[in-house]
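Each remark here refers to the structure printed beneath this line.
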Amino acid sequence: MRTERLVQHLLGLAAACSVAVTVLIFGFMVILGLPLITGGAFFQMFTSPWLPSQAVYGIAPMMVGTVSIAGLALAFSFPVSLGCAALISVLGTGPLPALLHRLVRFMTGIPTVVYGFAGIFVLVPMIREWVGRGSGMCIFSAALLLAVLVAPTMILFFSDSFSSVPKAYLTAADALGATPVQKLFHVVIPCSWRGLITGVVLALGRALGDTLIALMIAGNATAMPGSVLDPARTLTAHIALVVAADFDSLEFRTLFACGIILYVCTTLMVIFTRRVGAVSERRLWRSA
Amino acid sequence: MLRIGRRFYLIMAISTLALLLACSFPVLAGDLDPFAGDAGTVKISGGTAHIPVMKEAAKQIMQHYPNVRITVAGGGSGVGIKQVGEGLVNIGNSGRKPTDKEIAKYDLKMFKWAIDGVGVVVNPKNPVKALSRAQVKAIFAGRMDNWKAVGGTDKAITIYTRDEASGTRAVFWKKAIDKGDITARANVVVSNGAMKSAVANDPYGIGYVSVGHIDNSVMPVALDGVTPTLETVKNGRYKVARGLFSNTRGEPTGLTKQFIDFLFSQTGQKIAAEKGFVTVN
Amino acid sequence: MAKRMIEKCVTAFAWLSGLLLTASVAGLMGYVFVKGAGSLSLSLFFGDTAPMDALLFRRQVFDGIFPAMVGTLTLVGLSISIAVPVGVATGIYMAEYATGRTKHIFGLFFDILAGIPSILVGFFGFSVAVFLHHQVSDRIAPCLLISALALAFLVLPYLIRTTQTALENLPRQVRVTAPALGASPIQTIFYVLLPQSLSGIVSGIILSIGRCAEDTAVIMLTGVVATAGLPSSLLSNYEALPFFIYTISSQYADHTELMRGYGAAIVLLAICALLFTLATLIRHRLSDHLLYGGR
Amino acid sequence: MLAQTSIKIKVRNLFFSYAETAVLKDLTVDILDRSITAVVGPSGRGKSTLLSIFNRLWEDIPGARMKGSVHIHLDGTDRDIYHPACSLPDLRRKVGLVFQIPNPLPMSIYKNVAFPRKLAGGSSKQQVMDAVETALKQAFLWEDVKDRLREDARSLSGGQQQRLCMARALVVNPEVLLLDEPTSSLDAEATEIIEQLILSLKENCTIVMVSHDMAQVKRVAERWLELSEGKMMANGRISAPACRAR
């Protein structure tokens, strides 16, 4: 009986450690960023530009960069993902949809850095030629590549929730003579809207949290982007670029602000998806 | 694809085995080099202009003395100074002279083992071969945004700059554009290598890079009539020049000292010359 | 008639989406393969060092990706051996012991941990390293151990969830067999439940390995460097394959180096593909075998 | 005769419910030592639940609740099995349960049968081997499997698997054996063997079995307990026409 207790306590301890890690990550950022918050500079950062020569360290351009890249990526990715998911679960015939499903699952295993590498040498020159000015490194390029990166998250989640629509409903629709497309619009999508929303939010989280694509493709300029063809810097890329700076400097401190924003955003998204209630194992497929 | 995988696993299996054996392997006999019989690690970070020389020096030393380990990271001059000051690395490289404040704060000892210039570069396809200082200032400040204005094609100028930790940026800012503005719309790259490949790939790009890094993939632009080359830096005609420093906290000792001595040795200086820098000895 | 049109358009759109996705992935990966195929040779791995010397660690390898591969391997091995015990134990706790409120709140925390951008995990590792450097010992700096820890945190929620799900999905019949024979909860877990859910757990572990092997954002803040040779100790810097690809992509010095980058990308892709296939096989084959008997 | 009339299981005022659904209401019944008692009744009336109450296997089901008392005469003393001091593993070793669908564990035949001994610990290898052989013989399975003890248990036929599960329950010498529709997944031939087996076990154990098959109940059981509306219809001692009580 004593070993029973001991093992149970050990398991509990492991769980407590795992929870502690989550809390610590947030705690470290808050504590180290505390001088910033108490100093009052914290909230200024969200609205000021990044002008190191005038000792103004604001992260507003990075916030805009993050939101525009992630938002655009989602806008590109959502229709295609919806189409792919519909193809896989409802509309597709023949062996190809299954093959597509397999490809999508495999895509979750492709290293981000390889996407970025290919992006630099394929996508960026293409965009540069097409736009005719600039480096080709811009919000648009990064969003395109990011769209490919987050597509599997959405497709797998969508097709999972499409497939979990009760068979009886589908049979009923069949019996009434519904075509596959009618089934999709009148039965499948209305029944799985929770899954759709959750999938989109998860993909958004993944897009916001991605560092490498933006760092490699988006150009990292600190100016407020004026169009999607301008280079921009995301919060994540900002962390990667500035982390090497002087630890005591104000510019280093901005990292805590970036970190706290990202942490709070992803936490809110997690809480939202749990509320919506369509959380499944799928969410962990290469999230973060 | 699968074949590589298999090969990889073979390597993994063997390396795991070898890892166990590694400790028991006899040290290769050394020559009279001061590194003979030494074991330990030298950690280097900072200036990215230095990296080719550091890599080559590390290679030569480590190939002969496998027990000596030299790790080389980038980050930029600011990072190098900061990290060596904090004791995170043994040698912090900088492409600018550390400020008096930095020297005092960390008790830095500086070793200038080569002289380098910072040159403005464009893509080789660009017809613009020379710029005046005023033009360079205007371009980097974002006031002049078309190549047509400086005698090129009617295309927008893409500006590439370095991050704030860069010594190359600091020197360029101070000596080439007289502490003028650099527009925030500029693309930011993180090393001299990255600057070179960015400009090499962008027909309408302009940037600035360590003269040692200039090769035929990018084209140096004459500044007020002086083209940045090894020659012009050496004879002092090209003014945007700087020393390449390796800094230590306090007097270097042991392996760190030997490494710095190696940089000043004949072999070390030869490496520096090969990589396109002006030697000091 | 209009209805038929809509019908056709929607179906066509779905097929087009599939085609578009396939084409973009095939285009990107195909480009890497076509350009990089030529760089696959022994010298990609070992540079100008004799392969046997390199494999036996008699000589350092320069201008080859061998040190980066060993670095990645060591890193993955370390972080997995940290993450698996904690992750699996937590998964067991969540599935078998946690109830009600605890389970809900813990689950929320693990979901949050799963959602944290990897760069933040790396930033955390970096801050901890600097903190320890100041407070504990100046020998501690961003290094292999810090990276391994940070990566372990990154894959922890994945391991927890796969373990928990694998255990919770066991049919009740399996679950009550051992208790009915007088097994204590621990005996039930270790003699019956864990062996039965092994395939799920193992494939989760393998996918986590893939995650560790491909991650770049965490390690670039926690101690990976451009040149280090083979990792010498837990407190040393190291090279890693994904970081190598990242550096090459932006700052290759010449064509040879760029080609090495392509080669490294293919190798990394191959490693991840291999791990992915392995995980899929184990998930399907092993589970059929264990749960439904040899049919 | 005296031994046969002593009471083995004493159930008093038992209420049981799953979440909102009441399953057993105020059940009071005595089950006699070394008898075969069948529990019959329509589906969903708590027949299997009653068995799981005797070895407390229901306790991990969320929302399940029980009221009342259950005493079982074990090791020569009368024990309140829901008393906090009652060891769960001990209870379950003394009160074996065989499920409706054979559930061999994914290991060899030998290991399956030896498993409960391993859980209990404290036996030498030889003792375990002897116990396994005895149990397999008791379960009429020894002749079928003695040459293939190392084979995977799932390679056996359905009837053999069920006998294996019986042997597995018997290997720790239980005083009570609970059988939850042990033959419902088997064909006629296998069923007949199991029925003979049950009859032969009566000498050592008190057997409580759930069955849907009235004919089987008449063939095997000495008494039956009909659960209907959650109440006991025939009060333990069987008074219905099919009574085979002496």
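Order of writing sets the labels: A, B, C and D. Residues in every chain begin at 1.
Quick note on the criterion: contacts are C-beta pairs under 8 Å (C-beta built on N, C-alpha and C of every residue); 3 or more make two chains touch, one makes a residue touch a chain.
Given the structure is predicted, the values throughout are model-derived calculations rather than measurements.
Any chain touching chain B that also touches chain C appears here: A. Ranked by separation of Cα centres from chain C, the top chain is D. Per-chain CA centroids place chain A at a distance of 34 Å from chain B.
Chain C and chain D, compared by their mean Cα positions, are separated by 48 Å.
The distance from the centre of chain A to the centre of chain C, each centre being the mean of the chain's C-alpha atoms, comes to 18 Å. In whole angstrom, the spacing between the mean C-alpha positions of chain B and chain D is 80.
Multi-chain contact residues of chain A (touching two or more other chains) are listed as 247. Multi-chain contact residues of chain B (touching two or more other chains) are listed as 86, 189-190, 198.
Counting partner chains per residue, chain D has no residue touching two or more of them.
Going by the touch rule set out above, the chain pairs that meet are A-B, A-C, B-C, C-D.
Residue ranges on chain C touching chain B, taken from their complex, read 40, 45, 55-60, 62, 66, 69-70, 73, 130, 133, 138, 141-142, 225-229, 232, 236-237, 250-254, 266-267, 269-271, 273-274.
Of all residues in chain C, those touching chain D in their complex are 173-184, 187, 191-192, 195-196, 290-291, 293-294. Every residue of chain A that touches chain C in the complex is listed here, in rising order: 3-4, 7-8, 10-12, 14-15, 17-19, 21-25, 28-29, 32, 79-84, 86-87, 91-92, 96-97, 100, 103-123, 148, 151, 155, 179-182, 184, 205, 208-212, 216, 236, 239-240, 243, 247, 255, 259, 262-263, 266-267, 269-271, 273-274, 279, 281, 283-284, 286-288. On the side of chain A, the complex with chain B involves touching residues 49-53, 61, 124-125, 128, 132-137, 219-224, 230-231, 233, 241-242, 244-247, 251.
The part of chain D that touches chain C in the complex is made up of residues 55, 57, 60, 88-93, 96-97, 99, 101, 103, 105-106, 115-116, 118-120, 152, 154-155, 168-169, 172.
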